[in-house]
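Next come two complexes, and both contain chain A; in the first it sits with chain B, in the second with chain C.
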Partner chain A sequence: MLTWIICLPLLAALLLTLVPRQNTSVIRTIAIGITAADMLLALGLFFAFDAAPALDGYKFVQRVPWIPSLGISYYVGVDGINLGLVVMGAIVAFAAACVSSEIKSHQKEFHILLLVMTGGILGAFASLDLFFFYCFHEFALVPTFIMIGLWGSGEKKNYATFQITIYLTIGALLALAGLILLYLQRPVGERTFDIVRMTRYFAENPIRAADQNLIFALLLFGFGILVSLFPFHTWAPLGYGVAPTATAMLHAGVLKKFGLYGLIRIALPMLPEGAKAWVPVLAWLCLGNILYCGWVAMRQKDLNLLIGNSSVAHVGFAFLGIASLDLIGVTGAVLVMVAHGFLAALSFGLSGYLFHATGTRDMTRLGGLLQQLPFIGTALVMALLAGCGVPGFANFVGELLVMFGAWKGSYSPHPHFYVAAVAWGGLVVAALYALRAIRHLLHGPTTEIAGEAQDATVWRRVPFVLLLASLICLGVFPRLLTDKIKASAEATLKFDSGKRPSPGLSVTAINPARK
Partner chain B sequence: MNASLISLELATAGLGLLVLLADLWLPAENKRGLGYVAAAALALIFVWSLRFDASTAQFAFEQTYVLDSLALFFKRFFLLAAILVMLLSIEFADRIKAGIAEFYSLQIFALVGMMFAASANDFTVLFVSLELITVTFYVLVSFQRSRVRSLEAGVKYLILGALSSAVLVYGIALVFGTSGTMNFGELLAKAGELQKNTVFLLGLLLVIIGLAFKIAAFPMQIWAPDVYEGAPAPITAFLAVGSKAAGFALLLRLLFGALPHDVVAPWAKLLMVMAAVSILYGGLCAIPQRSVKRIIGYSSIGNAGFILLGVVAMNSAGYAAVLYFLMGYLFTILAAFAVIGLVTRQLDSDDISVFAGLNQRSPLLAATMTLAMVSLAGIPPLAGFFGKFLLLKSAIEAGPAYYWLLAVAIAGVAISIWYYFGIIKAIYWSPAPADTTPIAVPLLVKISAAVCIVGMLFLGIYPSPALNWAVEAVKVLK
Partner chain C sequence: MLHEKLPWIILLLPLVAAVAITLFTQRDGRFSAQLSIGAVALAFIASVLLFAISLPQLADTARLSYLRVNWLEATGLKITLAWRVDRLSLLMLLIVTGVGGLIHLYSYGYMAEDRSRSRYFAGLSFFTFSMLGIVLADNFVVMFMFWELVGLSSYLLIGHWYAKESAADACKKAFLTNRLGDFGFLLGILLIWGITNHLDFDAVRGWLKLHPSGIGALASLAGFLIFCGAMGKSAQFPLHVWLPDAMEGPTPVSALIHAATMVAAGVYMLCRVFFLFEIPQAWPEWLSFLNGWTALDLVALSGGITALLAALIAVQQDDIKRILAYSTLSQLGYMVMAVGLAGPGAAMYHLTTHAFFKALLFLGAGSVIYALHHEQDIWRMGGLKQKMPATWWTFLLATLALCGVPPFSGFFSKDEILALAAQRHVGYFVLATLVAALTTFYMSRLFFVAFLGKPRSESAGHAHESPKVMTVPLMLLAIPSVFAGFFGINTFLERHFHPGEAISHLSIAEEMFAPFAHAPIAALLGLAAVAFGFSAAYALYANAEKDPLPEKLGLLSRAMRNRFYFDEIYSGLIRITHELLAQLADWFDRWIVAGLMVRGLHGTTELVGRGLRLVQTGNLQTYAFIVAAGVALVLYIFLR
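Let's turn to the complex of A and B:
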């Protein structure tokens, strides 16, 4: 089933190469239809998850030996940690396919790349083999560069494409170097790229601390660059600012989470000592994301740049959750990843809609949109409020858990108290720029440009409704995911939580009604 | 002595002579068809080579010639490359005013040189086979005598090639003078005592520099872009694939077959510098280029640097990676030149702008070129990715001393993505040219392109069998 989810978009991409380029409606139908089918499959996976039999803690496992001499096999499976990411990826991919009607030139190539990117993303999240994990990511990354370079808009397009290509390639290669080093830690003959077996092996035979520190650093900064960790974040707002809407949705929403997922899936369980040595650094850096990028977002006039910066700020929370080295923190980090995936896709989707309806993203030239575009305006208000952590949306739950985790941070000498305290400040910053954007865009007198805009038709509302519904659904019933994440995180990540008594907070506490 | 060991070479050389003789009797209009005969005969020899068994090394001619798994691997490699190049040459032949049969037969003689080079176990054979390759290429590069570019390229190649041959032979003389032997097997026994002998080391240095010319690596890389640009497209492809691979076959054989590990280990630093400079030089110089052939020329220097990663890693994973990468490189470069040859001919220019609108003029050519560039850039699931992955892996495996080189390689990959994608961008997104008449793709080019695409995808998606061949082939190296 997982293999189908991965291969369906890739097969559809192949199919599209055969469709004549004039038949844009056929191309659109195939792209939307396939991503919709993929989304339904992923949802089916989600609801079948609890009942499915588990193998080594993973479900829906499929494994085909690929290069036995190097220990590479095609190996996919999901547990609580990547289940949410796969489902989120499939939903966002469908939404991205829906909003791609804005593309007016070379539709065929665009949709092929979109489907390739989707297949690559889902493959990366579902892979339990390091080699395929990396390959699928690379496979999704390259279409991103091409799409930004060719369908992007704005004066800085070439510069932004150049920057994003260089940054992400170097990040991916640094991570690759780290992954290969990790692979080489096992004696010759036993080497394997199998994540499950590697995790088990390294839990029993820990790597030397010095090596752990080196590999963790490579993974932290390699993956960190991919996830726009401060101070390597400058490619992100600019890249998203010029990217076509669907690309920004898929990259900021889904593909970017690959780095965070890599840290949780690979770095934390296999390199516990390295993690302890490096998290203080990570904790301070992620404050750079939360505070500095939030501060930068406050000063933006361009809506896409604002969303781009705020998206960089939000991943800071996911980093903070990882830096807490705590079960609740990591659970929160995964939830933030999923929630932010929906949120980033929603925000970029809405921003793209506004750009095409009004021809500008300059917030000073827009105003009073709520009167003119009641649906889009309302959705935008909800997206911006979700971004500043209003309860009822999934982001609130995730960020709250991360805060608890960071506060609890079960080891020293982690500056957990200060970090957690300062991170609360990040929420205030988020509220400032979100409310400011709402005032500029949605309230006040309707400007001339805004006056000519048309609200979304029923069909164009579908992706936005879907993303909002997902956000609210997880915001109201976070246990849909948190229970699964927590169980899997507990099984793979062995935190020495015994040192400090837990203050009685548990994941279920945030949902007392169901207790 | 067992002369039957060189039967593959004998058959190939005989074929070359036959083609040359046929020129005397065949009417002019049938000469082009001679290429089909040659390609078919090479294919037969290739199939015959599959029946050879080289699991134990066999020697001939007083140990100067060896047939082992590594030699056989490279012989098959060269035969395959020559068949594909021959197909492209037939397509190219109508642009040659006179001497079509020579055009074919010289390629076959170059192939003989490469096949002997794969088996060289003695400095004499090494030098003679290299000269056979180089001298035939002097003629082939300047074969379009009416084009100034082609002549210019031939002269440049001649001068620099002669220089490098001089360096090489001087080095051989010094090694012979100090060790008293030309034979690799005897050298292996004697070199241990000579590792402090400055004259011997100078000789080795000169030999390595001479070989660097063949593989187009720093410090003998300067000729590549000019010669690639001026030579006929099939010859450039043969130069990029065959000549480079022959250089690497000899380098591997010399460093890890003819010298003990203690003697070779101190050379790692030098080879690392060669690799690093080649990667950066190739990458940075390719960026501002407008001529597609020059871009491939610089990329060939960069790729020589990448392949050197596997050599300098000095472990068997590295040697296998070299062989694997070369296999992928064969299909990739030939695919690229199948397209470049056809497109640049139609528009009589090799500026990157000739690719504008190629996807409308010929979707097959556009797809082939795109796949080739994506593979060169090292993107999964194509051959180039897995090759680069193996090379990087072997360098990491070699230890912390290699980390700086790795950083350079990573930078090199990032740079190369930029210019390879420049070509893809030119194909699909340049402003449409005025002339969008479809390009007629001859059947031969279709066949070669299809073979290359299948090869790139097969090596990238299912690397296991090819990797096993490579691992088996390098078992003879230390």
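Let's turn to the complex of A and C:
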């Protein structure tokens, strides 16, 4: 089933190469139909998850040895941590296929790339083999560059493409170096790319602390660059600003989570000492993401840049959840990843719609859109409010869990300082830029430019409704996902929480005896 | 069992209505309105039922258990949706669904011609749902969630006419100011959880009972942070600035949110978690300059300042809704002050009576505004007594209640606060008495100018009484506004806050004179303040054509009219903090991170590329030379 989910888009891409390029409606039908089928399969996977039998903690496992001498095999499976990502990826891919009607030239190539990207992303999340994990990611990454370079818009297109390519390539290379070093840690003959076995092995035979520190740093910054960790974030807002809508949705929503997923799946369980050494740094960088990028977002006049910066700010929560070295925090981080995937896709999708409806993304030139576009306007209000942590949306639950986890985390002698700063960023700064955007774009009298815009037809509402429904569903019933995350996080991650120092804001705090 | 599910039914009815309206009945405003009114009416009936079922079983503070749902679980953290049914929440349920229901009904007439009536009623229902959530919450996080939802729904309702610039600005301001308070609230919750490991109210309370000084040096800070939440929702100084602007919303919204319910949430929450303020107080070292103050002292101070400040500002406002808004602020200050003076019972009592008469005042003002085609300046009204008798009568009764004239309800509840202040701190007593005098003064001014005298504008001359659907709620609200002093609300609450103590039951006649028997000085001085305020207003405003005060007070009047310049100071503060930080960050991002570092990298790469291009000439001789040089170098290294 999992293999079908991964291969369906790739097979469809192959199929598309055979379709004549003039038949755009056939191309669109195939792309939308296949991603829809993929989404339904993924949802089926989600609802069958609880009842399915588990092997080493993973379900729907499939394994085909490929190069035994190097220990490489095609090995896929899901547990609570990547299940949500796979489902989210499939839903976002369908939404991205839906909004790709905006592409007016070379539709065939665009849709092929889109499907390849989808297959790559889903493959990367489902892989339990390091080799495939990395290769699937590259498979998804390269189409991104091409799509931005060829179908992008805006004056800075070339610069942005150049920047995003350099950054992401460097990030991927750093991570690759870290992964290879990790692979080499096992003695010759025993070496394997099997993530499950590697995790078990390194738990029993810990790597030397110095090596752990080095590898963790490579993974942290390599994966970090892929996820726009401060101060390596500038590619993101600019790149998403010029990218075609579907690409921005898929990359910001799904592909970007690869780095975070790598940190949780590989770095945390295999390199616990390295994690302890590096998380104080990571905690500081999170503040850069959440507060600093929040402030940058406040100043943006272009809607896409605002969404891009706020998206950079949001991944800060996932980083903080990882940095907390606490199960509550990691659970929150995974939830933030899934929630942010839906949210980023929704926001970029809506922004793309507005751009095509009004011809501009300049917020100072727009206004009163809520009257003109009741549906799109309402959806945008909801997206922006979800971004500033309003309960009822999944983002709130994720951010709440991250803050709870970070409050008790042992990553720093002053965890409360970070949480206070992050709460300020999430509650106040995020509200400042979100409400400003609503005020400029949607409220107030309708401007001339906005007056001619048309609201979405029923069919074009489908992707937005779907994404919003997913956000609300997880926001109201978070246990749909958190219960699964919790079980898997407890099984794979061991934080020595028993020995952590008692929290307290001051030296004079009296710490009572605790049970 | 039905009654175990009753809290769920009460809570979810308005939510169902809100969702149904949003999804299905957007086009049919009339039906949406009926749906919303029906839901809140059913919720009211269910609340009465719940009240009747629970009351005999409620032994003082004990509470009944209801269907619980695990909402969220992570390792070491569990958040349960459980509803708390005790005297406090039962009383609030009746207020929210009862007063709220009447306001829903009134809106049916007031918003009859609005194009987006469906959106309005969906917002109203959603707000009711969120508010009921706060009332029923039995857990800090659950309360925080509904707290946020109330902020959100008030944002949507204040911004109902979002196409108007002022309304769009007002809703944004309300939300952001609330967020500032919520920031403190969330930190307070985390602080308490971090130490006690509990989130349920009863569990935290039980833990604190076992370890009275368990929170240690952070005790006062925890209390203060929690109070920050109340400061935002109940619009207490220094976060009071959003409430007057929120009057940009439709008038029934002002009545519902900014008089009877949402702003009361802060006071209610303080009463709900009052046990947090009863533990030994201490500040951490870095806040040692606060030593000697308890968290409650700060609460009382904030409330006292708000009460006085808002009453002073109200004296010089001309917009009928703004006068009422500042009056609300001032009365909320009273309640918060009462909590700060360790009298949560008195605060809740005043909250209850205030909900009745202030909702009535707002709805009366709405009726006037409706009749005068959205005229809100009291100096363009006048002579409405004859034209709008029902509005006039009910407004008069509510004004008397607000001023604290016996035997109206406000007299009893205000007297409890005055008596409490007299007992605790003479300074607060003087302040409270002064505020009482000011209250009577500005309310009498409003009444003289708007309802008596001659019509001062054409629209005032042509005013007509509002339709029945609006005047009937006014009359219904007038009943508790007058008689709530005799309902025994205070003894009902006493048994919640002081369980086990013998409480004497008084007959109505005894109840009437109880304030004079209990704390005669406070009661008499309170009455004197009313008399003083009224005679001053009578001397200045009976038959006045324009406001004589600006000439008499000069600069002070200007300051009052400009609301003591708080808005200007705050926007300045925001400009020098967040705007500046945002500008700095943006500049840094553009020029340092993206500019120097990225372009620098770009530049060096290009430089290396150019350097390498020099080597790559395509000239065979050069290549041969380079190869030879390389070989020589390698040989040199190895043979050395």
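Odds and ends about this structure:
Convention: the second predicted complex is superposed on the first by the 482 of 515 C-alpha atoms of A that agree within 3 Å, B and C clash if a C-alpha of one lies under 4 Å from a C-alpha of the other, contacts with A are read in each partner's own complex, and residues count from 1 in each chain.
Heads up, the rule we're going with is that contacts are C-beta pairs under 8 Å (C-beta built on N, C-alpha and C of every residue); 3 or more make two chains touch, one makes a residue touch a chain.
As the structure is a prediction and not an experimental result, all values here were calculated from the model.
In the superposition on chain A, contact is made by A:181 with chain B only, not with chain C.
When the two complexes are overlaid on their common chain A, residue A:146 makes contact with chain B while staying clear of chain C. Looking at the shared chain after the overlay, A:122 reaches neither chain B nor chain C. In the overlay built on the shared chain, the residue A:166 is in contact with chain B and with chain C. Within the superposed three-chain model, A:371 lies in touch with chain C and out of touch with chain B [touch as defined at top]. More residues of chain A lie in touch with C than with the remaining chain of the pair chain B and chain C. By the touch criterion stated above, A:400 is placed in contact with chain C alone, chain B being left untouched.
By the touch criterion stated above, A:69 is placed in contact with chain B alone, chain C being left untouched. Where the contact sets of chain A with chain B and with chain C meet, they give residues 162, 166. Every residue of chain B that touches chain A in the complex is listed here, in rising order: 374, 379-381, 385, 389, 392-393, 396-397, 406, 410-411, 413-414, 417-418, 421, 424-425, 428-429, 462-464, 467-468, 471.
For chain A in complex with chain B, the touching residues are 66-70, 106, 109, 135-136, 138-139, 142, 145-146, 149-150, 162, 165-166, 169-170, 173-174, 176-177, 180-181, 183-184. The residues of chain C lying in touch with chain A in their complex are 70-77, 141, 145-146, 148-149, 152, 159, 162-163, 165, 167-169, 171-172, 175-176, 179-180, 182-183, 186-187, 190-191, 193-195, 197, 211, 213-214, 216-218, 221, 284-286, 578-579, 581-586, 589, 593-594, 597-598, 601-602, 605.
Those residues of chain A lying in contact with chain C across their complex are 162-163, 166, 231, 233-234, 238, 292-293, 295-296, 298-300, 327-328, 331-332, 368, 370-371, 385, 389-392, 396-397, 400-401, 403-405, 407-408, 416, 419-420, 423-424, 427-429, 431-432, 435-436, 438-439, 442-446, 478-479, 482-483, 486, 489-490, 497, 503-512, 514-515.
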